[in-house]
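Going by the order they are written in, the chains are A, B and C; count residues from 1 in each one.
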Amino acid sequence: MSLAIKAEHISFSYAKDGPRTLDDVSFEIKEGEYVALIGHNGSGKSTLARILAGLISELDPNASLTVFGMEYDKEHSAEIHSKIGLVFQNPDNQFVGATVRDDIAFGLENRAIDPSLMDAIILESAASVGMEEYLDQAPENLSGGQKQRVALAGVLALRPSLLILDEATSMLDPKGKREILALVRKMRKENPSLTVLSITHDVEEAVESDRVLVLAGGKLILEGKGEEVFSHRELLEENHLESPFVHELSLALREEGVDVEPTLSEEGLLEELCR
Amino acid sequence: MASLSLGRYVPYRSPVHFLDPRTKLFCLVLLIVTVFLGYANYSTTFLMAGVSLVLVLAFFLMTRMRFTALLKSLKSLWFMLIFLLLIYAIMPRSDNLDWVAFFIGNYPIYWASILDALKILVRLMLMIALSLILTASTKPLDLTAGFEWYLSPIRWLGVNTAAWSMVLSLALRFIPTILVDVERIMKAQSSRGVDFQRGKLSVRARALVSLIVPLVVSSLMRSDELADAMEGRGYDPRAKRTRYRKLAFHWGDLIAVLLVGAFFGMCVAMSVLSFDPFLEWFQVAVR
Amino acid sequence: MPIEFEKVSFVYEPKSPFRHDALRDIELLIEEGVTTAIVGKTGSGKSTLIQHMNALLNPTSGRVKVGDFVNSSVKKERSKDLFSLRKKVGMVFQFPEYQLFEDTVEKDVAFGPRNFGASKEEALKMAHEALLRVGLDESFFTRSPFQLSGGEKRKAAIAGVLATKPSILVLDEPTSGLDPASAEETMLLFEEIKKEGTTLILVTHDMDLVLRHADKVVVMDEGKVVKVLPPEELFQTDLSDYSLDMPKVYAFARKLQERGWQLDMKDVRDVPGLAKAIKNGRRAS
């Protein structure tokens, strides 16, 4: 399988000679993979998201960043951008249009898509996030969760190959959170080649992913399957992170002398307990 | 926030709503010029004002706007009106010296002054009513598109009109969001003992700072994030973009422009020729 | 200081097409020393309710009594001394870091005490105390609040509310946007403050927080108080009508119970508690 992202020696500081927000970060993400990047507040995870999105382009000379096999440089940046869809944290601050319809159209206009095709695309992508009845609503009449769904629709309309969720659910209530995660699951099901990078401090989101990257103090400290990563409890705690609930529970049960394997899978733990 | 419902777009299907925003902007300019035309004498001026008023009221009915909306908007202007009346009343005049309405002490107040003030009042009211009709019947987005179209000639001077129109529509989009911020910050600071209503000047200045600084900070943060989001979605002010919303002229627009144009022409002719209908009709009647 | 709601209703924009009944006939007693959680879906009236507690809103009908202070729909009945009410009822709004505005952290925290009549020196002393309390040491006192990290900003803002030593503290989603460790730290701080005699009122969507910290839960739905009960009782009932979540431990326990397990959930508030309950539980054969 080919690589969606290949990042090598990514370092970055906002001020010249200032503290490094990112310090020699290297990782790979395969096409079609769902990767969760977790880290505490200020770990550098949002900076990494901004670099991947091309919002920061001045990288360390040693750094190398390849997206879908293309070097992230001036020549390719437009083509790379057209493959990446971004959803940010604050639902209000990414709603550009005056109505849902106009907001979804915004991305299409930027790609200079023929206006006569837009209505169909807008309707289709709004429907896929369940917002087709709100097309003419203004953002102030929508809930945070609904606005994030519109943001997702705006991204979907552009058919990205890589979806980056930058704390996309952190300002939502539990219902809104669940809806967004369910939509992402649905999108992956419909399009298995879609690569998803979810940047979050909600470890429960990491449970759904194929692989987990842990960023702390600008460094990549852990990488691997969820079970593997969350087995390093002390290291995670030192870095202000916790384990997902099911994992915590399986460990607590072992401490109580109940014979279960450490796991991230709720279904697995339930079955084990009922055996 | 009730006062803000004023001048807000009212979704309704009316012939005025249907017109192209460019048509409406053009007609608005013509009608405002008409309202401010000078005529032969007071009676003609007020007659024409009456005709305009009938027109405006017809538009009001058509757009299903409530007259209370107009009255409300005038309420915020009444201070200015009183001020105008005073200025006109006090100003010494050289004409119509014989036509004194009454004296304040020894100082004469002329009928002409009162009529002039009244004239200004009527004109302002008509202008406000016309603008209200425009904003109530046109989505902000369409309005910006209309403005952009009129500004398009200056594109040849190297001005990026599309970018400016984007700025304008973003400003409109974020007004409600920022008002929510204002309310939130005021509540938080009130809970910390700030009184926004009363207090000495220095205390109130402090209260204002406690509102404005967080507001500016959060607005800057919003604009930063918005810029990221827009760039992330492929916005480039220099690149060629297509437009989802296309403005299109219809037959109705032509009719509207012709009617308003005819009215405008008639009024200009009357103004330039100093036509006095009362005198003319009187002569006709005598003959 | 108890808070009493007597037949309180509140209507937004009553005489307009945007009319919205946010509260309907609320009868509620919030006792002193009892941590009360107010839960309900977005738009159920929670935030309108808490804004009546320090008279940011006046009821459209009915009366709210906070100690001796009366916040009534009738102007004549309203107590005049808003300042002493707001001094006693501290409000930590959602994302409180957005209320910071002074050029130094200590000045910002001293802003509340200053408004409530403390002298400059007194206010600074109170500010320093509050800052140490939330875990921001001397090195933070004279820094600009805008140069702090997100978590530190949150702490400074909370210190700004704690500085006046309120006897009631209303917390609106106090942990939202924080990473798990900072959230835990923040809640520990509030627990300590509670031990010193401050009554906590917690508004949140996070049922894990409710289970862990609340003594009593007020469930709101469409502007009405529909239930007042202890959390362990609440989570035994069906919550889907009010679109509330289950705390994670209860959600898991329920799945075990569906598979025939018998669990004693009485004292279960966290993961180790659930592990114990599972160890002591049995499967009905």
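Here is the rule we go by: a contact is a pair of C-beta atoms (placed from the backbone, for glycine too) under 8 Å apart; a residue touches a chain by one contact, two chains touch by 3 or more.
Just so it is clear, the structure is predicted and the values come from calculations on it, not from any experiment.
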*asked:* Suppose chain centres are the mean of their C-alpha atoms. Which chain sits farthest from subunit C?
replied: B
*Determine which of the two chain pairs, A-B or B-C, is joined by the larger number of C-beta pairs in contact.*
A-B
_Gap in Å, rounded to a whole number, between the CA centres of subunit C and subunit A_ = 30
*State, to the nearest whole Å, the distance from the C-alpha centre of subunit B to the C-alpha centre of subunit C.*
45
*What positions in subunit B touch 2 or more of the other chains?*
none
_Of all residues in subunit A, those that touch subunit C in their complex_ = 40-42, 143, 170-171, 173-175, 201, 203, 237, 240-242, 245-246, 248-249, 252-253, 255-258, 266, 270, 273-274
_Complex contact set, residues of subunit C against subunit A_ = 41-43, 149-151, 176-182, 205-207, 243, 245, 248, 252, 255-256, 259-261, 271-272, 274-276, 278-279, 283
*So in the complex, which bits of subunit C are touching subunit B?*
13, 16, 51, 54, 56, 82-83, 86-87, 89-91, 93, 96, 98-101, 111-112, 114-116, 146, 160-161, 164
*subunit A-facing residues of subunit B, complex*: 139-141, 169-170, 172-173, 176-177, 180, 221-222, 225-226, 228-236, 239-246
*Within the complex, which stretch of subunit B touches subunit C?*
2, 5, 181, 184-185, 187-195, 209-210, 213-214, 217-218
